[in-house]
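Each of the two complexes below includes chain A, the first together with chain B, the second together with chain C.
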Partner chain A sequence: MLAKASHLTLQWWMTLRLRQQAGSHRGSALTQRDNTMSLSPPIREEYEVELAPFTQEDLARETPLLQRIWQQSWVRKTVILIALALIWEIAARIQGNDLLLPSFIDTAKAFIDGIVTGELLAKVWISLTVLVKGYLIGIVLAFGMTTLAVSTQLGRDLLGTLTSMLNPLPAIALLPLSLLWFGLGENSLIFVLVHSVLWALALNTYAGFLGVSETQRMAGRNYGLKGIRFVWYILIPAALPSILAGLKIGWAFAWRTLIAAELVFGASSGKGGLGWYIFQNRNELYTDKVFAGLAAVIIIGLMVENLLFSNVERLTVKRWGMQR
Partner chain B sequence: MNAVLQSHTASDRLNAQQANQPHAEALLQVQGVCLEYRTPERVVRATHQVSFEVDPADRFVLLGPSGCGKSTLLKAVAGFITPSEGQIRLAGQQVKEPGPDRIVVFQEFDQLPPWKTVIENVMFPLLASRTLKRPEALERARHYLEKVGLSAFADAYPHTLSGGMKARVAIARALAMQPKILLMDEPFAALDALTRRKMQEELLELWEEVRFTLLFVTHSIEEALVVGNRILLLSPHPGRVRAEINSHQYDLKSLGGVDFQASAQRIHRLLFDEGEAPAVEQDLRFQDIRIAY
Partner chain C sequence: MGTSFKRPALTALAATLGLFGALLSSGAHAEGKISIAQQFGIGYLILDVVQQQKLIEKHGKEQGLDIKVDWNSISGATAMNEALLAGALDVVSAGVPPMLTIWDRTKGKQNVKAIASLGSMPNYLLSNKPDVKTIKDFTDKDRIAVPAAGVGFQSRTLQIETAKLFGNDNYKKFDNISVSLPHPDATSALIAGGSEISAHFSSPPFQYQELENPNVHKVLSSYDVLGGQATFNVLYTTQKFHDENPKTYKAFYDALAEAEKIIKADKNAAAKTYIEVEKSKLPLPLVEKIVNDPEIDFTVVPQRTFIYAEKLHEIGVLKNKADSWKDFFFEEAHGGAGS
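Showing the complex of A and B:
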C-alpha cells in the first residue's frame, strides 16, 4: 500500500511537471488565452449603398435532359410497371406451364383480343355502371349520416355505434343475405356496394369535420352560416383532404367487393360483369383470359387513381395549399 | 407638462359619474357582464361585472394582462359566448348569437378559408349573409381590397401570402361587410414587429377614411395608446374594470414622447398596482433658477 501511495504521488508530481513544461512552451498560447478575455473588435467605417433597381437575370440553370424526364412521375411509374412486366415474363418462361402462369405476352394478346372483339369492354362497362350507382348512393348516405353526427349528439352516437358494428363486417358476407332480400337483380349488388363504401367514407368524413380548426368554425358562424349551409360552405371544404382519402378508400373497397361479388354471384340480369368474365374463363381453363381480366381490374384501378383522383387533388387541395 | 395632467384628469371622478348614465347615442352597451367557463371540476369566472360603452367611430381598446378575460369579452360581444349575468346591447338590440353585423378579425392566420382566392374571401361574408348579390359584392370587394393595397393579389390563394398580407385581407373582408362594429382580437400579435408597426399605421389611416367603430383587444400598452382613443384596463383573475383612460391625443408619432411614456407608466402601475405615482419630474427652466446673492 505504501508502494501504491508513493507511485500515485510520483504520477501526480510528474503530471504537474509536464503541465509546467507545456505551459512554458505554450507561453504565447497562455498569453493568447489571456488576451481573448479582453478582445474587442476594431471599429470599422460605416457606409451606405444607393440601391439601383434590381432586375433578375435568368438565373435558371439547365438541368440535364435525363434528370428532367425522370422528374415526371408518370415516367417513373411506367418504368416500375415495365420492370414488373419483365419479371413476370421471365418467371413465366422459367415456369413453362401455360395453364398455371401465362406469360406477359400471352396475357397482353388475350387482353387486346378481348378489347378488339368488344367482349372485355362490354363486361367492364357493365361492372362500372353498377359500381358508380352503388358508389354515389354510398356517398349521399355517408354525407347525410355525417351531417347528422356533426349537428346532434344522438347522431354522433349513432354514427359511432353503427360504424364500429358494421365496418369490420365484410361486404361479401352480406351477399347471400342481399340475394335473399333483393333477388337476382342489380339491386343486391348495389346493396353490397353501398355497405362497402358507406362506413369507411363516413368515418373519414367525420374525422375530417372534427379536425376543422376552431377559428374557421368561428369565422363561419360569424358570417351567419348555420346548419346545412355551414356544413356545405365551411366544413366540407375544410375537411376535403380527409374526404378525398375516404373517397379513395371507399372506391377501392367497392371495386374489390364488386369483382368478388360477381365471381360468386354470377351474371346479373343475364349480362355478366368483369368478375363473371374471370369466373367463366377460369372454368374453361383459359388462364390467359383470366389474367387479362385481372389485368383489366388492375388497369382500371390505376387509371382511376392516377387520372381521376390525382387530378381532383391537383385542382383542389393541392392548389389551395391544404395538402402537399 | 400640462398635457400630462390633462390626460390624467380625463378619467377622473367626473367621467366615472358620467359613465354610470348610459349615453343615448352609444353604439355598444355592455352592462354588468359576467362571463364564466365551465370545466368538469368547477366553474371559472372569466370576467366579473364589466361595464363599458362604445360610441360610433370610437377606437375602443380592451387592455390587460393574460387571464383578464379580454378575448372572452370580445367573443361575448361577437355573440359566441352568452353572459351569465348582465347584458350586451348593440344599437339597442341584445346580442344573442354571432352575426355579420359584428365581424371579428382573429389573431390566427387560418381565419381565411384557404380554398378561396383573396377576392373571393373578401366577398364571402357578403354572399354568405346574403347582403349583396354577386356583381355588387365583387365591386365592393375590389374597392376595399384596393384600400388595403392588395389589388394585385386578388386572384392569389391565401397560402401564398405573407402574414401581414393575410392580416390585411382579413381586415378588408371585415370592412367590406360594413359592420356596425369591427371586432379585433389581437390581430397583429402574430406578426413581426416591423409589419406590426406598418399595420397599425394602415389601420389608423383606414379609420381616418372610413370612420368605422372599432373594438380592439391587445396586451401591449404601446399598441393600445397608439391605436385606441379610449382604453379600458382590465385586471386579471377574474377580469374586472380597473380604469378607463383617454388616448385620443396619441398616434404613431408620439411613441417615445414624454407624455406618452408617462401615460404608459401610469397604465403599467394601474395594472400591476405598484404603489403611488412618483413625483413628476419637472424640467428646470430659466425662471426656476434662483441665484443666491
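Showing the complex of A and C:
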C-alpha cells in the first residue's frame, strides 16, 4: 500500500516536472542538460505483433533451360568462335580467291587431312620437343639467375643490367648469329628459345621474390633456412603468382619465336616443325594448308593455357587463396 | 555543317562502307601500263636489254599506245607468285617449276600462264667433296644448298632426277638434306669449305665462279636431267591482264623478241648491258664468257618445259595434267618451235 502510494507520488512528481520542463523549453538550451539527467525514459506497454502467414511456395526457383545453358562460360565462348567462323566463311566466299583467303570449310578440311595423314601431328611433335627443351633450360637458368640476384649484391646488378639490355632484343634478330655459332642443327633453335624465355621469366620471378612479405621471410629465418633452401621453401611458394605469370609469358614468347624461327630457318637436319610446314605450304601455294598450320598453332596455345596452366593455378595459387 | 554532323553514327557508317567499297573494288586498268618484276642474275639478260633500250615503249608507239613501264626487283619465286595473285604486279618472272605451280593452282580461276621464255641455261649441281661423283653418293651428313628448298627450279630438277633413280615415291629423298640459301651465300660457303654445305645446285653466273676453284667439281647438270637444252626462267601473268591489255601485251612480247635478236647480234655488247643495268661487280671477261657459252641460248621460245609439267604431274606435285606446252603458254608464244 505504501509502495503503491509512493509510486503514484513519484508519477505525479514526474508529470509535474515534465510540464515544468515543457514550459521552460523556451528558455536557453544550456539548462536542458541538468534536467534530463534525473529523468528515466518513458515506459510503454509490451505488445506482440501478429505475423502474416508465410505463403511463398519455393525459395529456390528454376531458371529457364536457355538461361542455365547461357550461364556456362564454355557455351558463350563456343558461340563466339562459331560466329567468327561464320564471318570468316562469308568473307572468303565474297572474296572468291581461295589462294588468298581460303574459307573456313577448306581450312577445316586441310586441317583434318593433315591430322589423318599424320603429317601435321608429326610436325607439331617436332616443334613441341624442341620447345620443351628450350623452355626447361630457360626456366633452370632463370631460377639460377634470380637466386643469385636475391642472395648477392652483384647478382642483383647482373640481373638488372642483363635484363634491361637483352629483354628488348627480339630473339629472331639473334637467329643469324646463332646459325653461325651453332650451325644448322637444333642447337641454334634452342639457343634462340632460351633467350626468348629467360629474361621475361627472370624479371617476373625477381619481382615476385621482392614482393614476399617480411613476416614470411622472418618465419623462414626462424627455421634457420638460408640460401637455396630459403628460396625453395619460402620465396618460391610465396612468389608463385608472379612466377606463374612469368611462365605463361615465357611460354608465349617461346612458342612465337619457335614458329617464326622455323619459317626463317628452313629444314634443320631434314626434319622441320610447324613453322616449316607453314612456310613450305606457302611456297607451294597451298594456302588452305597454311591456314590449317596457323589454326594448329592457335589450338596448341589454347590447349596449353586451358589444360596446363589453369590446372596448375587451380592446384596451387587458387587453392591456397593467393589468387582469385 | 548540316544534318550530317547531327548523326555521327550514320556518317561513320557511310564512310566505312565507302572505304570498303573502294578497297574491295578492283581498280579500273586502262591500257598502257605494265609493271614487271625480275630477279637478279644473268638469266634475266633479255629483260635488262628491254629495260635499257626501252623496247616496250618503242613497240607501244608502233601501235599508237603510250606505255608506261614500271620495273621492280623481287627476290624469290614465292614472293613473285604472291605479288601476282594479290594484283600488285602485272608480269613476274621465275623458274619454270614455280610457274607451273601457280598455273596448276589457278587453273580455272585466275588462269595464270606463261608469256615467254627468258632463255635456256644449264644449272649445275656442284660439290666440294671429292667422293661425291653422282647424286647416289650423297649421305645424311651432306647438305645441298638451293635458293628455295623443296619448291624452286633447282629442287624440282633434283626431285625429277631422284624420282628417275629411286622411284616416284622417293622423289623427296634429298629434300631432307636441302637447305635454303641465296646463291651468293651458298657460293662463298662452297668455295670456302669447312661448313656443312657440301653441295650447291647453282646457276649462272655463280656456277662459273665456283668452277674456277679447284676444289669444286660438277656432279649433275640440269640439261642431263631434261635431256638437252632447257628453259631456265619464264615470264608469266594472269589471264585478266592478257585479255584486258592486248596491245600492251603484244608490245611486250615484240620487245622480248627484239631483245633476243639484239643479244644474238652482239653478245659482248649484251654483256656490257648486263653489268650496267644490274650494277654487277663481276669482271667483264667472265660475263662475256658466260654470254658466249654455247650451252646458253637467250631465246624467247620455250625449250623442254613440257618435261617439267609431265614429270611433276607424275610425282604428284601438280594436280592438273597438261597435254602440251601450249596449255600453259599464252597464244602469242605458240608460233615458235617450242617444247
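What we mean here is this: the second predicted complex is superposed on the first by the 253 of 324 C-alpha atoms of A that agree within 3 Å, B and C clash if a C-alpha of one lies under 4 Å from a C-alpha of the other, contacts with A are read in each partner's own complex, and residues count from 1 in each chain.
Rule of thumb we're sticking to: a residue touches a chain if its C-beta (ideal position, glycine included) is under 8 Å from a C-beta of that chain, and two chains touch if they have at least 3 such contacts.
In this text the structure is predicted, and so the values were computed from the model without any measurement.
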item	value
Chain B versus chain C as contact partner of A:Pro64, first or second or both or neither	neither
Touched partner set for A:Pro168, first chain B, second chain C, both or neither	neither
First (chain B), second (chain C), both or neither touched by A:Tyr233	first
Greater chain A contact set [chain C / chain B]	B
First (chain B), second (chain C), both or neither touched by A:Leu99	second
Contacts of A:Pro53 with chain B and chain C, given as first, second, both or neither	neither
Partner chain(s) touched by A:Pro41 [first = chain B, second = chain C, both, neither]	neither
Chain B versus chain C as contact partner of A:Arg282, first or second or both or neither	second
Which superposed partner A:Gly183 touches (first chain B, second chain C, both, neither)	second
Complex interface listing, chain A residues touching chain C	97-100, 183-184, 266-267, 270-271, 280, 282-286
Residues of chain B that touch chain A when the two form their complex	75, 78, 80, 97-100, 102-104, 106, 108, 110-115, 124-125, 128-129, 157-160
Touch list for chain C against partner chain A, complex	77-78, 81, 85-86, 101-102, 105-106, 109-110, 140, 143, 148-151, 175-180, 195-196, 317
Chain B contact footprint on chain A (complex, rising order)	213, 215-216, 218-225, 229, 233-234, 237-238, 240, 316, 319-322
